[in-house]
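Just below sit the structures, each encoded as structure tokens.
One chain, chain A, appears in both complexes that follow, with chain B as partner in the first and chain C in the second.
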Partner chain A sequence: MTALLGGSAFLFLFMIIGVLLIFAYPSIYVNGFKFLVSGTWNTPTSASVVLVDGFKELQGASYGIWVFFVGTLLTSAMAIVIGVPISLGVAVLLSQFAPKRVASPISFCVELLAGIPSVIYGLWAFLVLFPILVHTIEPALNRYLYFIPGFGGRVYGTPSGVLASGLILSLMIVPIVASISRDAMAQTPLELTEGGRALGMTKWEVTRKIVLPYAKTGIIGSVILGLGRALGETMAVAIVCGGAGYLPTTIYGAINSMAAFMALNFSDAGSDVSGMTTSALAELALVLLAVTMLVNVVARLMVRRGFFSSAEHLVQV
Partner chain B sequence: MSDELPTRSSPSASISPWNSPKVIANHRARKRWDLVFKILSVACALAVLIPLGDLLYEFAYRGIQAISIVRLTHNLGATVPGLSNAIVGTGLLLALSSAIAIPLGVFGGVYMAEFAKGNRFSEGLRFAADVLAGVPSIVLGYVCYLVLVRYFNFGFSAMAAAIALAVIMFPYIFRTTEIAIRKVPENIKEGAIALGSTKTTMINRLVLRFAMPGILTGILLAVGISLSETAPLLFTANFANYNPSGLFHAPLAYLTGVIWTFYEVVSIPADQQLAYVATFLLIMIVVCLNVVARLGLRRFSKV
Partner chain C sequence: MASFSERYKKRHGMGGMVLGVVVLVVIIVAALAGYFAASSTITASTSTTTSIITTTLPPVTVTVTNTAVSTSVSTTVSTQTTFATPTLPPKGSSSLPTLASPISEAGSSLVFPLFQLWAANFTTMYPNIQVNTAAGGSGAGQTGVEAGTITIGGSDPFLTNAQQAAYPNILDIPVAISAQQVNYNVPGLSHPLNFTGNILGGIYNGTITYWDAAAIKAVNAGDASQLPHQLIVPLHRSDSSGDTNLFTTYLSDTSPSWAKNFGAGNTISWANVPGAAAESGNSGMLTGCQQTQYSIAYIGISYEIGSSGAVALGLGTAMLQNLAGKFIAETQANIQASVNAQYINTPPSERYSLIYGPGATSYPIVNYEYALVNMHQGNANLALDLRTLLDWATLPNYGNSPFFLNQVGFVPLPSSIAQLTWAQIAEITV
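== the complex of A and B ==
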């Protein structure tokens, strides 16, 4: 009986993949490889229904996710580039530098960060981050770092997309990366760290030469788990990304990610009478699932404890 | 003897290694780097804590300004709109999804910790739970939309949304239950078996009782996660201005949906105020859950 209930993990996972495959089949059949490499997604909801390859489709409809695919990778990469150094700094502070009295309220705050709904991050970015970006940070970046590709050529008055998404995502991956790599660092045997201190190494040298090499796998795993979170993040990105259907030329331009696109364009699935949009969205979900699952499996193989080591220290008996 | 002990009087030893200018300069440089990285790590912590503090302050401020009895008791469809049906909706979804996910997760966790024999199946199961936890919630939501809302014809409904949330909550409860049970001391279990208790009695009377704080923490975490989901609910619960008439074929409102629906309505400030109230309520609940999970259960666990 308990085995049956436990087995529901398998059941859920297979059902998710199976259902998406079944519903995505018309789109996979009709769109083929073009689905991945084409950059135009167009659902003319008022057009008439035609038969394509034996499946109903709206006339003139085209489905290609290249823009959203690149957008997902781009925003997640920015989140990693900005978020990981900060998270590692926090993890080093919590596990090495700070006394327990200081460390435990900070780790409470970091865990609180993990609990805040993503739509609230989005709202915060909309209300607070946008004005700061538009009036201060972006003009400064545009003026002083224009020689870096993507940093120059800002059109004044445009809403920020790539940078805002990257920043808000980097804030959202901090709790995952920081808490898991802190736990990995805390597992360094005391003999090693104390031995290093006894030989006269400074705390930073102990961290750099003993703790970081020891916790390397855990840290890399935590980064990949953070990447998994950033890839699948929906609501915050949907609010700040600007919902573009084209690729941005600068880091200030609007962008779209696969998850955000699903949230923003879900209503099209209802108004498309041929059902092809529903199918195409299912294929989009399948691609997103494949990417995140790949990332999570890799991470899981690296961090033995997997997704839950962050929760583990909370569970006390 | 040819090997004589070095004497202090030899001129080369007059500057001992720890006094040599080279070593002292090096020592200072190393201390300086240590300080630099300490400051950097504090700066990293500030880079995280300042946005968090600003977020909490911003929404506490706006929320307290916007909150009123009317905004909590009227529903969204009323002429003076309020959040009552969104609060009811969130509560309903939470109760339903917990009713599905908690038994599944707790029984599954007990199985993993007590009955699974470390074979391929149980290893695979653990792996599946971890992978399931990593599936983007929007994908889960869309699957539930395809299967429940469309195929099984639930319509946009509390039931479809609750099942979506339950699948999201399940792996967390499952794994934390297993971890909590594994932490129950082995000698307690052995003592019970030695006294002639069956395995079932041992689990019911001892293991679950000892692991309860841990299990409850896992449940609280999962509840927090399901509270803060938006994306899967867009596809399964949709949104409504009134209380749902039933569990099927009745779209309903929920707090995160209020934020998503009204965050941008700059033209109607009153509607935007609703988003602030909803944000305030959600943050209050999340903070309370975190505090309870951290402080309350720790104290309880010492009993």
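== the complex of A and C ==
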């Protein structure tokens, strides 16, 4: 029975990859390597259909995902940079410093946060975060931190962009990273921490010198799991990214990510009677699948030491 | 701490696990079955803020009179054969065959408010026929009808030649005439600003960056001192949008360099203007324009008027330059003038663009709103109900009456165009 169920999961995964490959083949053949490095995605729906390399395509169409690829990496990197310190702080607090009756409700809430659908984060960003960004955060960053590359320049009136996407993604990975790191830290053998206290170390020294090094692999694994979620995040990013076709020059400019672009533009695929846009979107889906699968596999290999299984239920896309 | 599933397995064993999963699935399936059973007995209502009239319209005797035609147009009727005005079945549940599922309409967000009004009122006349409406952009409407997933695709532009060649069975049926305006959020102006197509093209391709640019001041001599030295934030549509098609057609018609570099379409490759942002749907453009100071956006007329429209929100509406060189405001009279000057040229296929037409007082961005429908519905009852719905919508004393069109700012189809529409509707069969 379990072999059957396990085998069906394998089968499902290969089915998805197979179907995507079949749809993406025209685009892979026609666009080649240029697909990954070109920054122009253009579907001239009014043009006529021509034959290119034996496949039908709209005249003047070009497909390049460089902007979306960089956008995905940029927003995820920003999410990690903002979110991981916060998550580690929360994890250290919950596992080392907080008394039991405070730590339990807080960790329960943190785990609840991981279960909230991402589109709700997007809506919250649209209603609450945007006004704060436009009126308070962005002008302040621009005024005081202008020397950091990317923080200077002009602040535009629209809050949607790299900063908003990075903030909302960091909010979404904090529950995952915090829970798994807290579990990793809680697994530190008692004799090591107690031994440290017995030698006269302060609680903070015990945390810094004993707990964190012991939980290092688990923490890194959790960060990579969080990165995996941030890479695949669709709806929240679609709402806050600003739908750009070009890379922005500052963090206040509009951006796009692979998942958000696919969500917003799949109707374009239907308008293209030659079918090449559908094919290009399928190839984009393959690239996104490859990136997230790679990250998830690396994460699981790193966190295998045992404390991963207890937080398995938190991982979702 | 072991996970929930591990603790459960330890306590209840493998058989308990399977039993638990089966029980859970049965509960979910039972809940879904109950929900569907309950909802099928409740008539679905899709109207949101638009008002529903509870009294049916009185059946006025159907005499179709020509709308006022300007004297510069020849009064001889074209050689198209006239099509008899359709008669509707008497109102009531027994007049039309009931369908297994509601008639679905989706697509253009510009025509969406009108379809919402029509759907609600059509159902009061024939209570057994439900019509579901949705927005999503003209591109989604076109794709849906081509794929057969929706019955009526609302679309601002007619299908392109390539699409029509690939799907020759899809009819482009105009149901009303709409318009589009350019709204902007600039405080402290006392009069609406004038814009030419070239200036708008310059804003959207990044060559005109400030509100007090020389080009804008040149056409707004009276208000030049009120223009602030602020960056313009151009907003465009992120989804596959008929409004983008209308706007870029206007830009292409007025500026050969725009036609060469960007062209017109439901989506185009927008220029890299720093600070520009994309919004989803006409409602997204309206919200984005209202929330972003010094922004400019192209929005459909159905979002201009009304209690939550652009005017009510305090946004400015541009006076656009027409083919005759005049700066024209978006009023019903000016839209009607644009229609009157050129509707005679519409071919029987009704695939015709009214944008940037002749006439001294013509508003430049005016177009037929299309209901894209497949000629072959596969089901005689569905074909009959669909024909009745579209006839109802385009009759001047029912769907095309001022009662509906004034709420969204549209104008009715001229009499000869309505006849072409009715001729196309009659082609919808099994």
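Side notes on the structure shown:
Definition applied: the second predicted complex is superposed on the first by the 297 of 317 C-alpha atoms of A that agree within 3 Å, B and C clash if a C-alpha of one lies under 4 Å from a C-alpha of the other, contacts with A are read in each partner's own complex, and residues count from 1 in each chain.
In this text, a contact is a pair of C-beta atoms (placed from the backbone, for glycine too) under 8 Å apart; a residue touches a chain by one contact, two chains touch by 3 or more.
All of these numbers come straight from a predicted model, not from anything done at the bench.
With the two structures aligned on chain A, chain B clashes with chain C. Applying the stated contact rule after C-alpha superposition, one finds that A:29 touches neither chain B nor chain C. Contact with chain B, but none with chain C, is seen for A:232 once the two complexes are overlaid on the shared chain.
Residue contacts after overlaying the shared chain place A:58 against chain C, while chain B stays out of touching range.
After overlaying the two complexes on the shared chain, residue contacts for A:271 are found with chain C alone; chain B is out of touch.
Counting the residues of chain A touched by each of chain B and chain C gives the higher count for B. Looking at the shared chain after the overlay, A:144 reaches neither chain B nor chain C. For chain B, the stretch among 5-13, 23-31, 41-49 or 77-85 that collides with chain C in the superposed model is 77-85. In the superposition on chain A, chain A positions 1, 312 are in contact with chain B in one complex as well as with chain C in the other. Considering their complex, residues 1-3, 5-10, 12-13, 15-16, 19-20, 23, 85-90, 92-93, 97, 106, 108-113, 115-124, 126-128, 171, 174, 178, 202-205, 207, 225, 228, 231-235, 239, 259, 262-263, 266, 278, 281-282, 285, 288-289, 292-293, 295-297, 299-300, 306-308, 311-312, 314-317 of chain A touch chain B. Interface residues of chain B, counted against chain A in their complex, comprise 30-31, 33-34, 36-38, 40-45, 47-49, 51-52, 54-55, 58-59, 103-104, 107-112, 115-116, 124-140, 142-143, 146-147, 150, 167, 170-172, 174-176, 179-180, 183-184, 210-211, 213-214, 217-218, 221, 224-225, 227-231, 234-235, 256, 259-260, 263-264, 275, 279, 282-283, 286-287, 289-290, 293-294, 297-298, 301. Interface residues of chain A facing chain C in the complex, by the touch rule stated above, are 1, 40-49, 58, 130, 134, 154, 156-158, 160-161, 183, 242-246, 248-249, 253-254, 264-265, 267-271, 273-274, 309-310, 312-313.
The residues of chain C lying in touch with chain A in their complex are 1-6, 18, 136-137, 139-140, 142-144, 146-147, 160-163, 165-167, 231, 233, 235, 238-240, 263-270, 272, 274-280, 288, 291-295.
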